[in-house]
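Chain naming follows the written order as A, B, C and D, and within any one chain the residues start at number 1.
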Amino acid sequence: MLKIFDTEIISNAEVSANIFKLEVAAPELSQIAKAGQFVQVKVSDEFTLRRPLGIASAKNGMVKIFYRVIGKGTEILSTKKTGEHLNILGALGNGFDTNISGRILLVGGGMGLAPLLSVAEKIEADVLMGGKNKSEVDFWIKEFRAEVDRIYITTDDGSFGSLGFVTSLLPEVLEYDNYAAIYTCGPEIMMRSVYKIAEENNLPCYVSLERRMACGLGACLSCSIDTASGRKKVCKDGPIFEARAVFS
Amino acid sequence: MLKIFDTEIISNAEVSANIFKLEVAAPELSQIAKAGQFVQVKVSDEFTLRRPLGIASAKNGMVKIFYRVIGKGTEILSTKKTGEHLNILGALGNGFDTNISGRILLVGGGMGLAPLLSVAEKIEADVLMGGKNKSEVDFWIKEFRAEVDRIYITTDDGSFGSLGFVTSLLPEVLEYDNYAAIYTCGPEIMMRSVYKIAEENNLPCYVSLERRMACGLGACLSCSIDTASGRKKVCKDGPIFEARAVFS
Amino acid sequence: MSERLKTEICGIKMNTPILAASGTFGFGEEFADFVDLEKLGGVMVKCITLKPRAGNKGVRITETPAGMLNCIGLENPGVEKFLIEILPRIKNKMNVIVNISGSSVEDYGELAKLLNVDGVAAIELNISCPNVKDGGIIFGTNPKAAAEVTSTAKKFTSKPVIVKLSPNVTDITEIARSVESAGADCISLINTLMGMEININTWKPTLGNITGGLSGGAVKPVAVRMVYQVAQAVKVPVIGMGGICTAADAIEFFLAGASAVAVGTANFANPAVTMEIANDLENYLASRNLNLREIIGQVKI
Amino acid sequence: MSERLKTEICGIKMNTPILAASGTFGFGEEFADFVDLEKLGGVMVKCITLKPRAGNKGVRITETPAGMLNCIGLENPGVEKFLIEILPRIKNKMNVIVNISGSSVEDYGELAKLLNVDGVAAIELNISCPNVKDGGIIFGTNPKAAAEVTSTAKKFTSKPVIVKLSPNVTDITEIARSVESAGADCISLINTLMGMEININTWKPTLGNITGGLSGGAVKPVAVRMVYQVAQAVKVPVIGMGGICTAADAIEFFLAGASAVAVGTANFANPAVTMEIANDLENYLASRNLNLREIIGQVKI
């Protein structure tokens, strides 16, 4: 059952340059949301379209979202204050499989860490995270610390963790444990490389895709993609897909 | 010299049903504004056009405006809070003649009282005011009390002052004093009647007109009217006109 | 369901005169959590073609001032799958109006024939899709071709035939009159205005198809004008659309001469918007003690 | 004044490629408190006709989603008063581009002749005003008539002739090619899209003239598309306009193929907007170490 929720903003603060953490009180949504699902946020009446944002955490009646200010919509969102209300449509999409047995390795780059956090909240997992620099991973570390056992870190500039990309460190990380699967989200080029390494290691790999979206309900076909099993809608059939179905 | 002012809202409160009093800190504007001039308010980025509103008072670094919520623009304006900023273009239009010698009778109906208040602030005047009911004149009485000697009141429903329209009371009021002129603002039908009575009494009569405006600068011709001396722009050549030039 | 809003267009009984516009509402089911589908006058389902189509590559939508551009490009499962898998699932839940498109006059005839089945309330000829070369726009901008498509479709179906017009023309009344003479039972308009956006960082068009169709509030004044012009020019009923977001918008279209309206882009911001429009329209009429037909075409000139 | 923004169109030297669109900027003087008029590429002054005109009666503007409708209707003091009273006052302050309109081909010829005087930088043929029956729109929607008006005007003037196209046509490139062959030195577009609004309380059209011209951000995607199409179709320079509010908007038009742009409706929200656009455009170019001509028509398809 999809719904439009009128939520109250509990906090909306910058956690790194142009990256905001938004917390809203949304008791029902926080109960029904599955890891890896997303919402469509109505930023203001000024806009024709909602903005799709991943659910990074859903517990205790609260929903957390992390977003980067990249355009007009996210900019206006960033000016919203505690106590204001936010109209949210959700929870959308299929979500990650959280009934899998065994430990999962989460591999995320940048804002791609948001949906992975909601997985860590639900099941046993470690995380391998990549970011541009220390400041772009610091707040993620704080968020993941309570939810995972191990955190592996890379930064593009080497200012924290290993210098380089997650894909440089991934093969090594895979040696430390017998992971049941890899869940990944981030730039598509990163996810493709992660998928390749997963294949080499015979590991199931699931990816969270992003496409421009209008309806978020599977109706408008803004977000259609080709998959091994035909045309799919990222908003409804995804955003989580088996990497093999979409990258090969 | 016209300017765009970035003003701070000092207060913005409902003074009667759907009527708001807005005060902004605007030192320079408050100095240059002439009685009867108006401003173009940028209500929000959502709108293509500014909204024209009369200057009701300009002193001590403050500019006061009274507005009725009638559409989307004034509605959003009414949600603005103390401390927020408001982008204002002004001061526009010609304004009333305040160098006239003798006492002026101000005749205003409803929101038409706003520009007349700014006249009362500058020169010797009495006011004859009309409104729908007591609540729609009460706040005007408070505003005018310090600025005029006598206040005559009519209400459409007789809930305060005399029952009826300003034009019913006007002939009587004109007998009480030797007014040098009548300045009037309000519904056009009211102003026409006021003009007729002024003519009968051989009194100069000036009216403040309203037309839909885009530029407010005399450039777009949204607000052109016919006058005895040819086409005029209400925003630039007006909004104050000799009644004879526009009503006969 | 209120009596006040009930209406009938070309024999299709509608509980309200509020429809969902093709391409914005999927096959209706997608909105079931937000909309009482029976309360809609009908769902104009996503455009159906003879063969399945994958649509355009690349970015398919972008937001513009008070509107959006799309270049979905008629992605659809094809008429066969529609008839076998989809129609049986939805036909008892709503008035199904099937929007169809072809690359030749014959295509329209064949589609009309295949869709002349139980559960289809009407067919809507999309001769106005600006997003594919063979999407009918060549028919929609030429009165003769538009008439030919219309009469061919009429020949192969007993269903009401609605012809959907493109606003990208010099004289909309010329096309409207032409399809009316050719037998159109109803005219719907407007489809999208052709537009374009360029990304000033990449210097590439935002949309994969270079241009796309403009819809949403931005186009409303153009749509109202065209509905007004067409309603003056023809006798068949008109279904108006283009930028309708509120009951007030819908009422403009009724006054301009539309017998029913369709809501497209506004469904994206608020998936329940059609229900709100129906309720607010009912209140507008009730407070004036009017029936729907008493406002249709009543603009005072 | 920055070298980077300097340009020349049809021999008119411009300090920046940012012009003010006809009808939105009066005779320039009205904006003198906000704009350095010499920094504009030119001011396309309010449309001038042979005889003075009072324009349309009733309400002349209304705001629409991200835009506005106007039906000013070519109010102007007439060419004589323009030449005697206005031109001498403004001619040394800016590039004066005179927008003209007539009800016959001869009118355009006569106006062109009368305006072939010192102080006029160019004339712009308004064959696209949707707000008066004799406002040229009949010429603007017919390639032959458009060509005739153009060649007639050319015959009577030594000034560059800019032809301003109407977007209310099926194929904008057809008209563009036609006026180019007839000798147009430059093409400007778009004029307004014809639209309408109905007041749902009074049931009357909001505008005194029933319909009006849509402008502002709402029309930008249509304008960019048409500028792109026309720039592909002709060799003469194109002046792009329609919904430009920011330098980013202007850059879209340059990439689409415009050699200069004009700003209209946006002047109402911010009378200093042309200066801000010029400055932001300069920064955009400077940060990429580019000159204006290096972005014109450079959209990557």
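Note that in this section contacts are C-beta pairs under 8 Å (C-beta built on N, C-alpha and C of every residue); 3 or more make two chains touch, one makes a residue touch a chain.
This structure is a prediction, so every number in the text was calculated from the model and none was measured.
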item: Most distant chain from chain A, judged by the mean position of its C-alpha atoms; value: B
item: Approximate Å spacing (C-alpha centroids) for the pair chain B, chain D; value: 36
item: Approximate Å spacing (C-alpha centroids) for the pair chain A, chain D; value: 47
item: Euclidean distance of C-alpha centroids - chain C vs chain D, Å; value: 34
item: Residue numbers of chain A (touch at least two other chains); value: none
item: Multi-partner residues of chain C (each touching 2 or more other chains); value: 64, 66-67, 216-217
item: Overall pattern in which the protein chains touch one another (line/ring/star/complete/other); value: ring
item: Chain-to-chain touches, reported pairwise for every pair that qualifies; value: A-B, A-C, B-D, C-D
item: Footprint of chain D on chain B - complex, ascending; value: 1-4, 42, 47-50, 73, 89, 212-224, 226, 231, 236
item: Touching residues on chain D, where the partner in the complex is chain C; value: 64-67, 69, 141, 168-171, 193-198, 200, 202-205, 210-212, 214, 216-222, 224-225, 228, 243, 248, 251-252, 255-256, 284, 295, 298-301
item: In the complex with chain A, residue positions of chain B that touch it; value: 45-46
item: In the complex with chain A, residue positions of chain C that touch it; value: 23-26, 30-31, 33-34, 46, 54-55, 59-64, 66-68, 70, 72, 75, 216-217, 265, 267-272
